[in-house]
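Below, chain A partners chain B and then partners chain C, in two separate complexes.
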Partner chain A sequence: MTKQGNSLSRRRFLQGTAAAGAAAMLPCSLLVPDEAMAEAFKAGEFATFRNACPRNCYDTCSIKTYVKDGVVQFIEGAQESTFTHGGLCVKGYSYPRKLYSPNRVKYPMVQDGRRSGKWRRISWDEAMDRIAGKILEIKEKDDSLLGLGLTKYSGHFGITNYVVEGMMSSLGYTTRFVGTPCWPAGIDAQNYDLGNMWCNDPEDMVKAKYIIVWGANPAWCSVHTMKYIMEAQRRGAKVVVIDPVFTQTAAKGDVFWQPETSSDGALALGMARHILDKDMVDRDFVNSHSIGFDDFAEYLRNNVTVEWAAEKSGIPADQIREVAEEFASADPATVWIGYGLQRHVNGGATVRSIDALVAMTGNVGKEGGGARYGHLQTWGFNYHAMIQSPPEGAKGFIGGAAKGEFDFTEGDAASYSNRTVNINKTAQEILDTNDPPVRMLWVSCKNPFAQDFDRPKLEKAFDKLEMVVSVEQFFTETVANSDIVLPVTTMFEEWTVNVSYWHYWLGINEQAVKPLYESKSNIEIAALLSRKMNELSPGSCTFPQEVDTREWMAKEFNKGIYDYFGINDWTDLKNGPVKAKLTSTAAWSDYKFGTPSGKYEFRSEQCAANGHKALPEYKESRKSYDEFRLLTPHTKFGIHSQFVNLDWMQEYYPEPFVYMHPDAAREKGIADLDMVRVFNKVGEQKVRVKLSTNVAKNCLMMYEAWFGKGTDFNVQNLVDDESADMGAFKAGAPGVAIHDQFANVEKA
Partner chain B sequence: MNNVSLVDMNLCHIPDHLGGLQSLRDFFAATNAGELLIASEGIARHFGVALRDDIDWVEVEYDFNRLFVGPAALPSPPYASAYGTEPTLMGAPALEARDLYRRMGLAVPDQGSVPDDHLAFELDAALGLAVLEASESERATDAATMRQWLVDRHMSGWVPKFIRAVRDQQDASAPVLTAVAMLERWLNESRTQNHANQHMEPSSGEEDVHDETR
Partner chain C sequence: MKKQYAFRVDAERCIGCFTCAMACKSYYQQVDGVIWRQVYPLDEEIYPHRERAFLSLACNHCEDPACLNVCPVVAYTKRDEDGVVVHHQEKCIGCGNCIRSCPYGVPKYNPVEKRAEKCSFCHERLDAGLEPACIMACPTEALQIVDLAKLEVTNEVQYPAGYPKMEKLNPSTRFILPKAPKMVRR
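What follows is the complex of A and B.
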């Protein structure tokens, strides 16, 4: 493309004004002498860098970044990864828009009054002075740092970002918000049944003869997995999609079931009963590799019928029978268990019943089969950044701490520990925690106001905090509710390493460009804080005061990782991502399960001991408390509140909507694109309505997050913090019943 | 200051008629209320406009940050690259500005971290070139060519859009609106002057060319 140039380079006669010493004579006070001394400006060559998408996403794409003149010009998916296969999703391609957005947080700033919008620039030194001063004040007042809280989750999954937890540990024993709103009920369920959460390589889905995508929408949320599903379908596999919403994935399936939300357990058990009746159980697997099947069979015979499942789910009995028989006779057959279906008060029980369906048909441990949920097999790093010691004499909580699912550290024998509180009840925990109260909150890799539940309560809770520090890239509602914001780097401006909880690839993330403005990586922020802490109170922080982020990334690797991925050194990854050397693409291919019995446990005493049923029995869904069910799933154009504020996204998604069935709208006198008020016991949200038959008549749907100029849209005004049934066993706290929410709607 | 022979040229002295430009530069480079106050006094003095004495300069600082710094989304980012068809930073205008500074023997501090086309840097370059252009230096002609490019070809492309974006914010504070009005006046006067100079010196180096593929 040739376009009208606007450069000086072709101007006749122009020699420039640069000469030795002359620049220093100019009255310019902002510009500085150019070290390169005015060589004619040459359009540089492209340099390429390896990056990895660090978002909380199945795909964790390997990225190749093209840089010219110190500026990222464009990115593409790494060709070396068969999973990423040279392509990114709509969000991934927009990364340069994020890096160079005019709206990034650029400097440390302080707000004179929360939500006042009155911000002043401060230097990093002054920011650290205020923060360290507050930490020391807390220590003085409480004789511990339990008044310092950390809420951090999955906003940036680079392994070195566990430095945020490490920074807290290096200060002493603090209060940690532990757990996850994402997937904990299902993790517990798979741990009870199989002894771990461990899924097949998603690339082996091409081998499946029958695929049920249950409560997942990979066409939006794992675009790279779709190619394996489509290929399996091309080779003759039937694809069944089960979802309360007619999704883009559903549109590509052969069969779409739109069951009553949260009735999935009944559906799975109805199918199991039919398979039992038809004598299609894989007796070899059940007899050799499982325990408790007879008890499960008895439960099914006594408590479950296909008609009951049909009544609960709204799916006709003959269809349930047909799909059950097809699933049982296909070899291999697989279920992708999405995270959406376990965000319910019966979510863990539901996952257990689906696991049982997959196991009784002998599809566990099989290539192309499996009850696919997620895995952490590739996460065996050193967690060097995360593991830091408290200063000598630090006092903390007595009584043991809960651990999150990504916490791979061995517990130490110290008598003190951090104080752990439930991340899914952030607001309530801040309000309830006393002796000492949480006085100061450090927020990193997380946007609580977009993602934590019961926003009206969260605002009250934040008002109890004496100081809130947000480490951010953009002005979120959480930043608006903070006192200090610190600008943090994007993946292009830092070193780290990334793996997936779905596929089996490993990629490094190289620093491709200088950090913009005054942004710093979390490692550098920790070092700065340590320097200030030790300056004000020697010995008050153990974190190193000088860090090299490339070295810190290198320190995360070990022989286990090298062997598992078949590399000699992390520098091999500069040539591109590598995949784990798997003996089988199937999880549990040797049938040695991680359960107490070493077998698949249809009957789990561990599950019973933790307060649930020993068998994968049906658990009732949450009782409705309003006219419509409210679903708040992910949009295609963001991961939670990330990406949705970027210009490219707002081009396609300029405004949030509530989606409503036309028949329900007619009864309410609501027309397409009307402004409506959605309201319930938690709060209310005004939003424009879009009429769509993609949602059931008794259902309202709003995509989870949206922020940017001129909107107050926040679905957490309508979502409460009701717990899911499971999660405490392996993720530190129960999950949250995000999709067990109810609301009403009226014309605004 | 190691090259003594150039000191005679006395380029560091800013003639009075460029004091307004200097104050505009300082205004848009300000980082706190105190700097905004000093720059605003300079703007008032050099452009002959009134400055009220009952202004709360901390409030002006909040307003300045809301419009030009952050942390919230900026209604009027002070970067040339933000005014292309797709608002982004570090775009072609930033590299053009970098090229100009390089020809002056200058660069933005920590090049690559700071977008080169921030308004304050461009005003700083305009100031330096204006001083050099008025000097006896053998480089005065080139300085004139470069300043004309900067004003006519580069800043004229985006500064009016920037000014409009600020004025669209109806509640902008008085010192900000004054600075923006004086920026507009400076830009218009510079363009008029350039236009007049070009008529007198038709061979000043101006040539329309098409760049290679970018």
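What follows is the complex of A and C.
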């Protein structure tokens, strides 16, 4: 990174003060008031540990934790990582408060009546007794464990936390909520086009001459990537931000496009048509490394015009032409495809059309280029914790099971399998699944009442369940709808290892302090359950009954990981995170694509075989069912339902708002900071309004968050479970059209 | 000019992410309601888009600090070696003079200690050759430490719109103003 102006660079600053530091380290003396001064910081007074932020976030920061007297005193970003560069984010720095929050779930507890709030402390033994007893009762009644359901996703991405799936497998064949609300339509799209989801090293964005940030908001959701975008800008790159909302990232771009939501596919195809007309296609790439381009060109000529794209998107035709030409002439040029833009009924089709734009200009496989979406290149662990065998004689579901995008296991040849249901329709699946019904639900690393759709329906669905066990740190709405809550450790209290789906760093997570109260890691919980199961019914659970979490973390490593990252042993990571030894910062630099043809596929028969179009054709967006479009993206102060409940965070973010265009508000007689009621066919939410032209006139926006126990703000009161077009191919279930929602508003 | 450390707040780079503010709170674990660094969105009259441009502010470590001048018990000192204004809480009697006198609203009342407190520029970290917690945390290097004695002024301003102009105090903080992109809207 270069520095502006005359500021001291980090390194120079450290050198410059090293000598002065010693002189300034005068002993503190209260007798000489003008000299009274706290002593210089002494790193040696602390024990330091390596931690890793395990949230579902691009940045997956490596953390250095300073401990004294067995207590975390403060944390900082790992200096070794060029990606985090010694810093975390607003969420990361609040971790000490999460660890020591007085509101943590401290003991196993049982609730006398769901939503009654009548929680009683019980021992771990009693909790396991109740849980194991119920599991055995289900087995007795149904002759299988398909009545036991697991819903788990990305609340804690530490690799050893796949033990939760492992624990379920060690009990037998169960019902699994499979899929992801996050990014599956785009994953499928990239798989059809390129043969995998695989993005360039984000640090190589500095090499880009033209950057389109399309439906992503890194200024909030990947703060550490912003410095690369800004550096590219300083080196002369133009940054275009395309988003239905004037985001913080948009404010840092050179050009902001605010198209009609979900019209992105039309925009990409309009640009493609113009590039074709201008003869700016990279013929070398198209001829040597792709198939189906002529068909795509024909589709464009017959079905797409720049004026049509302008009409669909609201972006003027001359703008589309200008940016298309600039993009096609810049070398390299790149698009960051955000997850937001594929959370639509046409999301997969949209990603395919953007991929095509990047490919036809020859920007795939190029350093500083690429259609950047995400990757799982660094995730080649053993999944030892996840892969567990069912007990002998276990019976299950007959027929294929779907697999999630993070399921790296090979399929086994057993005739029985788990029963898989769509994680994006949790409520409907619980209501509809019978023979046997889902009787008992285990919730871990997930907060369905914050993340799953159609909250009113979810409450009804949970009421059908005979027992709900939540493994949690806080008394969330999901816990309120549970019978038993088990306290789980934070990352400071356990061993695990973390990688990112964006950057290429690997970081260890050491146990920095002893688990607080009676909290236990997911591995220890699995062992406890196994002990109880085998006590009550010998042979009913194959999970080891004695575990050492450090050993279990070590068992996740293998030679492939060591070679990829250039380390000899996982203990090397105690010196700090390491980056993969990449032969190129570009994905697909050898142009050997993972598609059936081995080439980039403008025309994908696989895509057609799975019920979509073979070409990246335009797909219509969802029809509006109410007056305003409703967007419910991330806040910068939290990730999903985590962080905003902390009192530290509420110093800076004390209450939620719905954002509304001043012109629309005037028509409704709504003034700034009024309390309003946002409502639609799903439900309603009362919240204060902020008027802002950051949103379009036909749009309402509220950031998803959970403000803590006793608060009722929940955007899922307004979001239904409509599916996205793609996702079933690689993630096991279609994605969900989170941003294809509509609502109305009135003064409350 | 004597050495004077100052915060350089680059609003062009600042993404308003509040990382600096939370890094400060996390490092010092201030009690509820006490904030040493706050991130303020600029008014729409100053920057045309609501909550999209910010000034990250803490103590300005003034040349002639109001807090120091009004303190009856010499609980404030200004360090000779770098101009950092230090509040010595053990000497503070909680009279509130500094809180009432600082036009930037920097000193805060700590209801537990019943005394004032404010940003220390992390002088205990400076003295160990480390950066202040907020600066180390900033993901875009929008917040930096500069020595005013050596700063060759380029596009820095001392009194951006929305920030009180207190020439007698001569606050050390310097600012780069934010920019807005070309807007193409439907």
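Keep in mind that, in the parts below, the second predicted complex is superposed on the first by the 702 of 748 C-alpha atoms of A that agree within 3 Å, B and C clash if a C-alpha of one lies under 4 Å from a C-alpha of the other, contacts with A are read in each partner's own complex, and residues count from 1 in each chain.
Following the convention adopted for this analysis, a contact is a pair of C-beta atoms (placed from the backbone, for glycine too) under 8 Å apart; a residue touches a chain by one contact, two chains touch by 3 or more.
Nothing here was measured: the structure is a model prediction, and the numbers come from that model.
When both complexes are overlaid on chain A, the residue A:K668 reaches neither chain B nor chain C.
By the touch criterion defined above, A:Y107 reaches chain B but does not reach chain C.
After overlaying the two complexes on the shared chain, residue contacts for A:R120 are found with chain B alone; chain C is out of touch.
Looking at the shared chain after the overlay, A:D647 reaches both chain B and chain C. Contacts of A:K464 after superposition on the shared chain: neither chain B nor chain C is touched.
In the superposed pair of complexes, A:K686 makes contact with neither chain B nor chain C. Shared-chain residue A:P96: touches chain B and chain C both.
With the contact threshold set out at the top, residues 1, 3-8, 10, 13-14, 17-18, 20-21, 24-25, 30, 33-34, 36-39, 41, 43, 96-97, 647-648 of chain A are in contact with chain B in one structure and with chain C in the other. For chain A in complex with chain B, the residues that touch the partner chain are 1-39, 41, 43, 69-71, 96-97, 100-107, 109, 112, 117-121, 472, 474-475, 479-480, 485, 513-517, 645, 647-648, 708-709. In the complex of the two chains, the chain A residues touching chain C come out as 1, 3-8, 10, 13-14, 17-18, 20-21, 24-25, 30, 33-34, 36-43, 74-77, 85-97, 219-220, 223-224, 226-227, 230, 241, 246, 248-260, 313-316, 319, 636-637, 647-649, 651-652, 690-694, 696. On chain B, the positions that touch chain A within their shared complex are 1-3, 6-7, 9, 11-14, 22, 25, 29, 31-33, 58, 61-62, 65-66, 69-75, 77, 79, 81-82, 86-96, 98-115, 120-121, 124-125, 127-129, 131-132, 137, 139, 141-143, 145-146, 149, 153-154, 157, 205-207, 209-214. In the complex of the two chains, the chain C residues touching chain A come out as 8, 10, 13, 15-19, 21-23, 25-27, 29, 32-33, 35, 38-39, 49-53, 74, 77, 79, 81, 86, 88, 90-91, 120, 123-131, 133, 136-141, 144-147, 150-152, 154, 156, 176, 178, 180-186.
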